Structure formats: C-alpha cells, structure tokens
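Next come two complexes, and both contain chain A; in the first it sits with chain B, in the second with chain C.
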Partner chain A sequence: MQASGESRGGRFLQYAAVLILAITLNFALPRLMPGNPLALLAGVDVGLLSADERAEIMAAAGLDQPLYKQYVGYWGDLLRGDLGYSYRQKRPIAEMLAQRLPWTLLLAGSALVLSTVLGSVLGALSAWRRASPLDTSLLWSMIGLNSLPSFWLGMLFIAVFAVRLGWLPAQGAVTPAAQLTGGQQALDIVRHAILPVLTLSLLSMPDLYLTVRYTLLDVIGEDFVRTATAKGLARSRILFGHVLPNAAPPIVTMAALRLGYAFGGSVVIETVFSYPGLGRLIFEAVGSRDYPVMQAAFLLFTVAVLLSNILADLLYRRLDPRLGGVHR
Partner chain B sequence: MSTHTTRNWLRIALIGFVAAALAACAPASPAASVETAAETTVSEPVQLRIGVMGDESTLTPYTYVTGYPGWNLLLLQYDTLYQTDVDGMAQPWLARGLSVSENGLTVTIDLRDDVSWHDGEPFSAGDVKFTVDYFKAHTQSRFTRALAPVESAEVAGEHQVVLTLTAPTPLFELSVLADVPIMPEHIWANIEDPAAHAFESASNVGTGPYRLVEYRPDQYYRFTANPEYFAGAPAVAEITAIIYADDTGGLTALQTGEADMLARPVLPEQIALLSASRQINLAQGALFTTDMLTYDMTKFPFDRAEVRRAVSLAIDRQELIDTVYLGAATPGSIGWIHPASPFFNEAVVTEYDPDQARALLDEAGIIDSDGDGIREAGGAPLKVEFLTPSGNALRLRTAEVVSEMLRNEIGMDAAVAVVEQATWEDAVWPGFDVAQGRNYDMAMWGWSAPVQANAVRITSLIHSDPAIGSLNLTGYASETADALAEALNVAVDPDEFADLLDQVQVQIATDLPFIMLHYPDGAYAYRADVYDGWAFMAGQGIFHKLSFLPESARP
Partner chain C sequence: MSAAASPAQPARRSRFLALSGTARAAALIGAALVLGLACMAIFAPQLSPYDPAERVGPPFSPPSPVHLLGTNDIGQDILSELIYGARVSLSVGVSAAALSTALGTVVGLLAGYYRRLEHWLMRLADIVLALPFLPLLIVLAAYVGRSLTNTVIIIGLLLWAGTARLIRSQTLALSQREFVLAAATVGCTRGRILRRHIWPHVTFLVISEFLRATTTVILLEVSLSFLGLGDPLQKSWGAMLYWAQARGAFLTPAWAWWVLPPGLSIGAVALGFALIGFALEEIVNPRLRNGNA
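Our next item is the complex of A and B:
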C-alpha cells in the first residue's frame, strides 16, 4: 500500500507541474502574439491619441511594467481568484464567465449524458449482435457521423428543422424579450437547447460507441463468458452480470475524460447556434483579440481537462481490481 | 428488444430522415407570405427585433464597445445637443441653436426647455456643464477625447450654456455636439468609477426616445419607447437588439423570422439572394467606409510621383467593383471625399487610363529593359510586397485583382502578402503612432466611417507633423499640404471651410499620398411587413435613432 500511495502522490505532483506550466504558457502566449494591445485598450480612437495618452492607457493596464513583474502580478491575481478585467467589455472577467457557465453546463452536460447513454446502449447492442445487419449499419453510421464537421451538422439541422420546417428556433438560448415565467420559460429553454444538444451528442457519440463495442467484443470473447454461457445463464444476466463489469474501466475512463473536453467542443456549436455560453465568449474574444478573456477561458479549460484526468485516474483505480483499489 | 423490432425502428428513422431531407429541398411554403400580408393590416404597437453581432457590454457612455452599432444603441437612450440629419448635416436637437464669438473661441448654446429625463427630472444647462466636467474628470471614455476642443463649460442661464474652446473648431456641431451624449447630473454625480459601474435600470436614465430595461449578456438588450420624448413619441414601441455570434446566425434568424432587421450590412454576394426573398427587403446606399492603397512614400518606388500616378491610372475601379463587390460599391475619388458627401469637390476627376500610365513611366525612364515583364528604374525593378490582412475576404480579393491590373497594365510586380491582422497593423502603423515610422512597401488599407463623415479629419491624413497628421501612414510631407491642413483646422467660416476643403482634395488628387479604390455600399436587410419606416443616413446606414421616430419628429 505504501508504494501505491507514493505513486499517487507522484501523480498529483505531475498534475501540479502541468498546471503551473499551463498557467505560465497562458501568461506568455498573448504577449508573444504579434500586434499591439493598444488598439484593444483605446478602441476606435486609437489613431487620435497623443503620446502621453498612449502611455497613460498602457500604464493603467499594467503593461508598462517589466515582464517578470507582470508575471508575479498574474500569479498574485490568480491566487486571489481575480481572473482579470476585460478592457473591451469593461467588466471583471470572473463575472463574464459566471454569466455564461450555466449555459455551457446545460449544453455540454445534456450532450454528455445523452451521448454516453446512447453510445453505450448502441455499442452494447452492436457488440451483442456482432456482424448482424444492425451492427453493420450502426457501425457505418457512426463512422459516417464521426467524419462530419461539427459546424456543418449544426447548420444542416438549422436549415432543416428551423428554416424549412419551422419546428424549432435556430438561434439563441431563449426567446428574446419574451418575458416568460415558470413552465413556459422552462419549455422555451428546452426548445432552444434541442438542436445544439442533439448536434453535440451526435458528434460525440461515435467515440463512445466504438469504445464500448470493441471493449465488449474483447470481453465477450473471454473464457469466463464462454463458461457462463455453457452454464446456461440467461443472456441478460451474462451481459449485465459478467460482461459489463469487466468492460467498465475503459468506458468509464473515456466518459470521465470527455467531461474535460466538453467545454472545448462547445466553441463551434455555441457559435453556430448563437448560444450564450463560454465557447461563444471565447470565439468572440479571439475575434476581437480580447486577451485577458482568452487567458481566463483557456485557464478554465485547462483546469477542466486536468480535473477530468484526475477523476478518470481515480475511477479507473476503483473499477479495476488489478490496480488495488477495490479491496482497500 | 428483438432484431425484428429494431429493424422496424431503423426503417422509421430512415423514412424520417428522407422526409426531412426532402422538406429541406422543397421551396419555402407560400403560406408564410399570406400570413405576413394579413399581419400588416393589424395596427398593433410595433415590436422590432434587430440583430447585432457581438455583445456591447452594459451600454453606458463608459462601457459600450463598438463605434457601430454600439454608439447607435447608446444613443437610443441618450441625446446629443445636435443631431445628424439624413443628409449628414448637424441640426439642433437638445439645443435650439448656438452663436459663436468673433474669435471663434466662445460658443453660446441655447437649450430646449421642454425636455425631461426618463425619471421625470427636468433637463437643464447644469446637465450639460456636468457632462463636460465629468468626461474631463473621468478619462476612460471615448467622449473625453471627443471633448478635447472644449476647455470648459459654464451655466449662463437655466437653459443656456457657454463653452470655451481651446482653438476655433470647424464643424464643431457635427464633430463634437452631435457625438457626445448628455448625461443626467442627478444620476452620474454619485458614480465614482464609471467604467466599473454595472448596469442597473435606475442608472440608465437619459432623455432619449428609448429606455434600456433589460440586458442579458450575449443574448439581447430590450428597449421600451419613451412616450414623452420631446421630439415626438417613437414609432416603434419596443426594440430588442438580439446578439448573434456571426453573420450566418443573423441571416438565419432573419429567414426564420426570429429577427426583423440586421444592423450589419449584408455581404455583396447575399444581396441578389435576399432581393429574391419576398419577405426580406433591402435598403441600399452609400457608406463612408473606405478601401485604399497606402505605401511608404519615403522610398522607391512610391517616392516617385510618376509611379503613384501610373498606379492610380492603371486601376479600373469599376471593373474592380463589378468583380469583387458585384457592383455594390462606389468608385473611389482620388481626392478622398466620397461623391455622396456634401463636401465632395466635383473638380476632382478620377481617371482610368492605362495608356497614359504607361506613357508616364516610359517618360520617366522606368522601362522593362530585360524583357521579364517588370519595369526597372536604373536597375531597380518595380517590385513591392503588397500587405493584405487575412481576416477580410473582400479586401483580399480586391488586392488580388489590383495586383493583376498593375502587372498587366504597367509592368509592376506587387505580390500580395497575406498576413494576420495584427501583423499587418503593426507593419503599416507601428504602435498606432505614425511618429514610429512604417515597415512596409504597399498595403490594402481602409478607414472606418467617422474619418470620412467628419470632413475635418482629412487633415490628419496629410499633415507631416504626427501631432496633427496622426493618420498619415505614408510619410507624406508637403509644405503646401501642411499649410492647407493648418488653415482648414481653424476655418470656422463655412464658406472658407468649403473652399479650403476643395483645395485639399485637389492637393491629394495631385500628390496622391494614398490611392482611393472604392467606398463599399451598404445593403441592410429588413422585413418591411414588421416595420418600414427606415431612413438611410448618408454614409451611415439605416440603424440610428431617426429611423424609429415618426417622419414629423425627424430634423
């Protein structure tokens, strides 16, 4: 047990090192990019500034300080939970992120659940009926889905279900200025979420489907399954009692890892659907070179990916008895 | 689940998909247009949904983000002392009129006495003085710089205010008084840090035709009409500005009926497409944005006047517009000012004459001596790098066509170099400070509408002193141009001003410190069945407060 504890400590040290590196890179990248932040700070009148005004604006943003001082200040701010200030939007970034986070959680969370459930069920079905027409058609559909660009599928859904059929709204998270309350408001939010969630789910489902299918096929081929079948156990009992528990570790790991990437996947989808989440915020920050917002959002993504890795690590240990987690 | 039922499910899913695909290919149902025709007969209060791209923050004079449409949204709530009319001239608005002293330094403004703030408090001269003082004391706003010509403001009566200027300022009404929103003293006097002040309905008090009542970041702004508006009750009862992520999103919303108008002009290739739609109308007209060629005039080849003139003569501007803009642009005037502007000098003629261009170069001894198709001057080939930003497809295509014209017509090699926007800006305009020089040969460039709309700014394009010529990106230095610019900068007499501006245009057309290509036209898409009262303001489009006022209330 001693050794295992040590290795876990080592692992967390690794994660900490990655985090520090990511934060440092995050600090350095915007400063290495070409261009002058003055355009952003001063807005449309940048050409009308006097030399004094230019210096004043740079000083107010702390950009006249030597680089190492800016770096130390960056860490100090982070440790205080201060994510910085958007000069473009003239607002604290933490506030901007907080306003958008719930929408991304709704979108990415629903899609994660839907695609995991659908991907697992279809993957299990495929594996269980290997080489049947069902398996073949599912496999080909998933490979096809996997090769679609996300913006294209989103735009196709908009063209069909919003523009032609008029069943669902094409843009946004709510009907603007509709003043809805209670159940109607909830229904409005659901109606707006259907197309983006469906797009995100369909696009992330193939990965999970393929993992589940191949893992199950592996396990089904094992001796203990053959033994169980020979003992005359019901098929459902074999599937749920023997196959699934043994196939669980890689599947759960995959699902946990995707938790971290769910944010990143939302950039394109939120833009296509004008959904007011974090992905859209990043898209606009990149477009308008709002560096402080980009930094804060990338930091959030980094932390999400690291946390999901840690989670996957922990889950794997609990599910796989060979790694000594279950019996402790 | 048995295999049989699964197969049935698959079949149903397949049928569903085919049906959806067929529906997508079918023409739009005619029922939609019948419905909208019926709607127009009902005279309910108009509720208008306008699509904008990008969040404009909390929309106070200190927090709004873009010059367009941010400033236009801001001015739904606030008023200015003067208001630009549809011809682009300043007319009295919160002010009744003004008089300027002999030396041009004292401006006495009479104010309307029938104006109230949204909360019912009366508007008075104290608010105007307060606004000037506040913008001078809290410098994080663009309006601090707009007020630079104003030294101080004094209250001369309940409805009279006297402004002292630092120097005589031509077009003062247009460039300052029609730009700066007047803020209520009784609200803003208590706000210490305006840039950090969050949106709350109480603080968004103006005198304007609308009041901002709701803001959801990245979603929408909701404005309701101010029925007590001094110029007359607005024609539109409620305006919702919906924030879309990009053009595609906005266009989709217009097609599905989720939006009634887009604030951003549509791209040339969409004009034909949208014109074909029965529900969507287009308002088209001149805009004051510009596409032009800039270059370093301090080195070869653009230090040679013949080369600059030959380049201008070799460009077929109409052909360029037909190819790239599908006709939706106005050919550039080499004197800078747009032909639709009241200040355009008709004596300035922009020619396309490749024969003359070649003759000019031949005469100057710039000829192709080695037969490679590129001319040389004393061994140095007529070869430059032509910088173009990657983010703008229309500018990129313009650059490619221009490059081809120059090679074919006058044997000049202007190789298009596509770079990221920041790199492009940094090469042409390092540090946004022309005193720092320039690191490029030739570039596609353009100025936003205000530089053209405020005709005085022409001086910043040509003066050789960076303090005055803050937009002189080409290193142009001419004593004649400097003298003209200095005179124009203080010409408060309208006739003298117009005369000097005519001379400056001739000067630019002669020396060519930059070469105008064209002014893209604006085409704004809207649904006429929802609202059809739009007014096209010369050079600025249809999204401004006058569009929402009844005809009788417009200046």
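Our next item is the complex of A and C:
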C-alpha cells in the first residue's frame, strides 16, 4: 500500500476521480454503442414500450438535447438520489438496490471477518514456523485454493453439504413461505448464509494468508527483533510486543481493501446460491438485458470499493507506529 | 535480480539449478500441467471422441463406455466439450495476459524513467486499480457483446495497472544505479538506456507478471462465461458450468461427471501457471531463497 507517501488530499482527489470516471462511463456506454440508445437506456426492446413510456424515457434522459446538457442532467438525477427506473421490473431502481444491499452486506461482512481471522492465524502460524512441514503444506494448499474458481467450490459445497448430507439449505436467503419469527427466523437466515459465506471466505483467504505470512517474515527479519531475541525475551513476548504491532498496518489495510473485493466476488457466489443480493441482481440484469439496473448496481459497487479504500487509509494512519499513531 | 548478472544474457540454466528444491518441483509440476493442457488444446480434434457441438446421444446420460463422462442436457458428449474447452481457456488466458502485461510494462517503464510522465500515468493506474473489477468487466462485456476477442480486449485493458506499478518501482530503483548513471554520463540517449540497460533487468519480472496475469485471466474468463457473458459459439469450461448450473446438475448425481471435471481442469491450468510463476519469483527476488525474509 502506498498510503504513507501521499497527502490525504491527494488520495481523496483520486477517489473523486474514480467516482467521476465510473459515473461518466455509465453515462457514455449506452450513448456510445451503435444503434438507438433508447433500448439500452430502457433495458427492454423498444417495441415492448408504449408510446408514452418511450416519450418518458426520451425526456428523462434528455435524448433530444445536446450531449453536455444530457450529462449535466444525468448528474442532477444522481445527486437527487434518482438512479432511474427499471422498465422491465416496473420499479424504481433505487428501491431494488435498497432491498438487495443488506443481503450482500451480510455475506461480504461475515466473509471478511471469517477470512481475516483464518488468514491471519494461519499466516502467523506459517511465518512463526517457517519452512516446517506445517508452513509448506499451508502454503501449497493456499496456492492450490487460489487456482480454483470460487463459484465451482460453491457448487461442490451444495452438492455435498446440501444435497448429499442435507445439513444445510442449498439456495436462497430464507426458507420461502415459512412463517418464522424471532430466534427461529434468525437461525434460518444463518443456516442459509453459512455455505455462501464459507465460499466467499475461501475466495479471499489465500491473499490474506500470503500477505500476513510475508509481512511477518519481513518483520521477523528486522534488527529490532534480533535484538529482542538476543536479550532473551520469550517468543510470545517478541511476537505480541514487537512483531505484531509492526506487521499490523499492511495486514489491516489489506483486510479493509478486501471488503470491496468481497463485494465483487459476491456476483458469482450469489449466483450459485441464488442468494438475493446485489451480485445476483447484476446476474439477473445481465440475463434480461436490463442495462439500467446493471449500471446502477455497478455504481453502488464502485462506492463500496471507494469506502473500503478510505477505511483502509484511515486504519493505516492510526496503526502505523512510524506515522506517530496515538498508542506509541 | 543480482547486481553481478550480465545485463545482456542472463544465464537461465544455472539459475534453474540454483533454485531451492520446492521451487524446482513447483516449476516442473507447473510446466507439466501447462504443457499437458496445451497438447490437449492443440490436438483436441484428434483426442475428442465426438464433435462437441453435435448431439450424439440421449440427453443427461450417465457415464458409459460410449460416453466416458456422459452427455449434457442436449445430448452432447461432455468429454469432448471438456477437451475443446482447453482451447478457450488457454488462448484467452495467454492473449489477454500478454496484452495486459505489454501495456503494464510500457506504462511502468515510461513512468519509472520519465519523471514528467510519472505523476499522470501512476494516477491513471491508481484509478483503474480502484474500480470494482468484476462488476465493471460484466457491464463492459454486456455492452460490447459476447465474443472471445471482446473478452480478451476488455480483460487486457483493465488488468495492466498492477503490473505497471511493479515495473515502475523496479525501473525507478534501477535508474538510480551506478551503471545506468554511468551510461547517462557517457552520453547514452534515454531511449538507449531504457532498451539496453534497464529492460534486460526487468525481463524476469515481466515474465513473472505475465504468468500471474494468465492465472488471473483464466479464472476471470471462467467467471464471465459462468455468468453467461462468454462467447456463445465456443465450448468453454465456464460455459459448461453455466449450463450445469442452469440445469441444476449439481443437485443430481450428474455433478460428479458434469461439474467436477471442468472445475478440476480450470484448477489444473491455473495452478500450472501459478506454480511456474512461483518458481520464477524466487529467481526475481533472491531474498526469498536465502537470507531471512
């Protein structure tokens, strides 16, 4: 991470640039494609629209106006929180996103916690017992795990744990049409979330493991650790007092950045598990050529990634001993 | 990147022998996997028992001597699909990785050596890195249409930024070294220094980045095909999994011959490239080999 070298203002300028680029892409894509942009802006065949609807879309996108006016109008809509209307679903897109977002947050958040804990513990074990059989086998299994398509692991989990063993539900976020309340409802949600969360965690764990292992090895090689060892300090004291505080910043930054990544990974994972989150929404929108929904979801993903970047920056500043954090 | 290495011809043989046992095993296994799958792709017409696009049996047949891996939902031979699928994975993987590595290398070299360009090129790389990769890929693929060429171009154009960052920092470090400064002092042009004195020292890094990118691209292509955004005319492993998913094959015993084989094949080819890259990294970064890091 290059967070330390740059001013806070510079970073925020960069994030603003990313957001502007994403919004501009969303604006430009339907208008740049050959053919009538109307179908792309509506997300359904023009023939299926009534004359009124056609006029409405034309007016909303300002297709009769010069391009720069359309662009200004587009920003105006976004700033008012208007993400457009899905003519296929006959619903405002903002409403659809709001309904899906909590499920993705549940999956991505739990997966982030699980993969960070597992990745850090295994990475620390590996680094502490460098070149032992444990280290080697962990390293090889992580490299192997990194080479498998995550959604395929999800399919196998369903085949084994849901179909063969019948331990967990295979699809969805809740049992359909079951009138559950309170604790039973919570249990139902947890049971449905276990397999997707596990799959999503396995997707991001190898990178975390490798970062933790490499960072710890780097710090263990530093002079102050050698000094601490020479002083005769206990191994645990060296690990917790000297190694971990110095290894924490890149690890925590990595974990925060993973949040945005886990969001992206949810597209395939939610598709496999028919989980009603944002990722599944993108998949459905692709399948039905509902371009406005696809784009709005992409924008939401961009915001999520940027927020996790900002979080990573803030954490880095607080944790890095060299940047004069509060705890030193 | 040892300081003593002659910049013109790095001695590859001795470097291979200097590797640790683990890295040498990784390189050999990786090369075997990649070569094996490459042969499968090249000789697909000779190896596969049927034309993968033809309906050659009753739909949903279980494995039998006639169809070793059974047939899919419309009666195509799964083994033949699997063999032809290697073509898509390897060709998309290698060509998109080559495109992204070439872009990243050029940007990295320019940014590392021409300080005036550095600021803008690296801001651009940061911006590309901060975009949500898979969702953007999906949106672009949905717009430009489903074909192998489009997949290659989109992935190549989005993946270069990480490579550019790495090559830039290596170039930056090299440009401060004595032999580069000396070359500049005796009047070498900047272009010549870049070509003759810096480029030979980043080639291994470039190759290792290419291998890493290939693994990434192969997995991305599979994800795109699985989401229904692959080339509809090509038999790819991702598309096989897409249909297996759409027909609920993983809810029936068919998962063992319809879901398992494509996933394992993807894993084998991605792992093959990753292992070669892993061994190469030890050459690029000798600190991993001995010393304490």
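Here, the second predicted complex is superposed on the first by the 272 of 328 C-alpha atoms of A that agree within 3 Å, B and C clash if a C-alpha of one lies under 4 Å from a C-alpha of the other, contacts with A are read in each partner's own complex, and residues count from 1 in each chain.
Methods note: contacts are C-beta pairs under 8 Å (C-beta built on N, C-alpha and C of every residue); 3 or more make two chains touch, one makes a residue touch a chain.
Keep in mind the model is a prediction, meaning the values are calculated, not measured.
In the superposition on chain A, A:F301 makes contact with chain C only, not with chain B. By the document's definition of touching, both partners, chain B and chain C, reach A:V272. Looking at the shared chain after the overlay, A:L148 reaches chain C, while chain B stays out of its contact range. When both complexes are overlaid on chain A, the residue A:A94 reaches neither chain B nor chain C. Of the two partner chains placed around the shared chain by superposition, chain C is the only one that A:V286 touches, whereas chain B remains out of contact. Residue contacts after overlaying the shared chain place A:M33 against chain B and chain C alike.
Contacts of A:V163 after superposition: both chain B and chain C are touched. Look at A:G221: by the touch rule set out above, it reaches chain C but stays clear of chain B. 33, 155, 158-159, 163, 170, 271-272, 283, 287, 289 are the residues of chain A that lie in the contact sets of both chain B and chain C, per the superposition on chain A.
Chain B contributes residues 3, 6-7, 10, 20-21, 23-24, 26, 28, 49, 54-55, 57-58, 62-63, 65-67, 139-140, 142, 145, 195-196, 198, 214, 216-220, 222, 238, 240, 242-246, 248-249, 252-253, 255-256, 258, 420-423, 425-426, 429-433, 435, 448, 450, 460, 467, 470-471 to its touches with chain A in the complex. Put simply, chain A touches chain B in their complex at residues 33-36, 38-39, 42-51, 53-54, 56, 88-91, 96, 99-100, 125, 129, 132-134, 137, 155, 158-166, 169-174, 176-177, 270-277, 280-281, 283-284, 287-289.
Partner chain C is touched in their complex by these residues of chain A: 14-15, 17-18, 21-22, 25, 29-30, 33, 40, 136, 143-144, 146-149, 151-153, 155-156, 158-159, 163, 170, 217-218, 220-221, 260, 263-265, 267-268, 271-272, 282-283, 286-287, 289, 291, 294-295, 297-298, 301-302, 304-306, 309. By the touch rule above, chain C contacts chain A in their complex via residues 22, 123, 126-127, 130-136, 138-140, 142-143, 215, 219, 222-223, 226-229, 238, 241, 244-245, 250-252, 255, 259-260, 262-263, 266-267, 270-271, 274-275, 278, 291-293.
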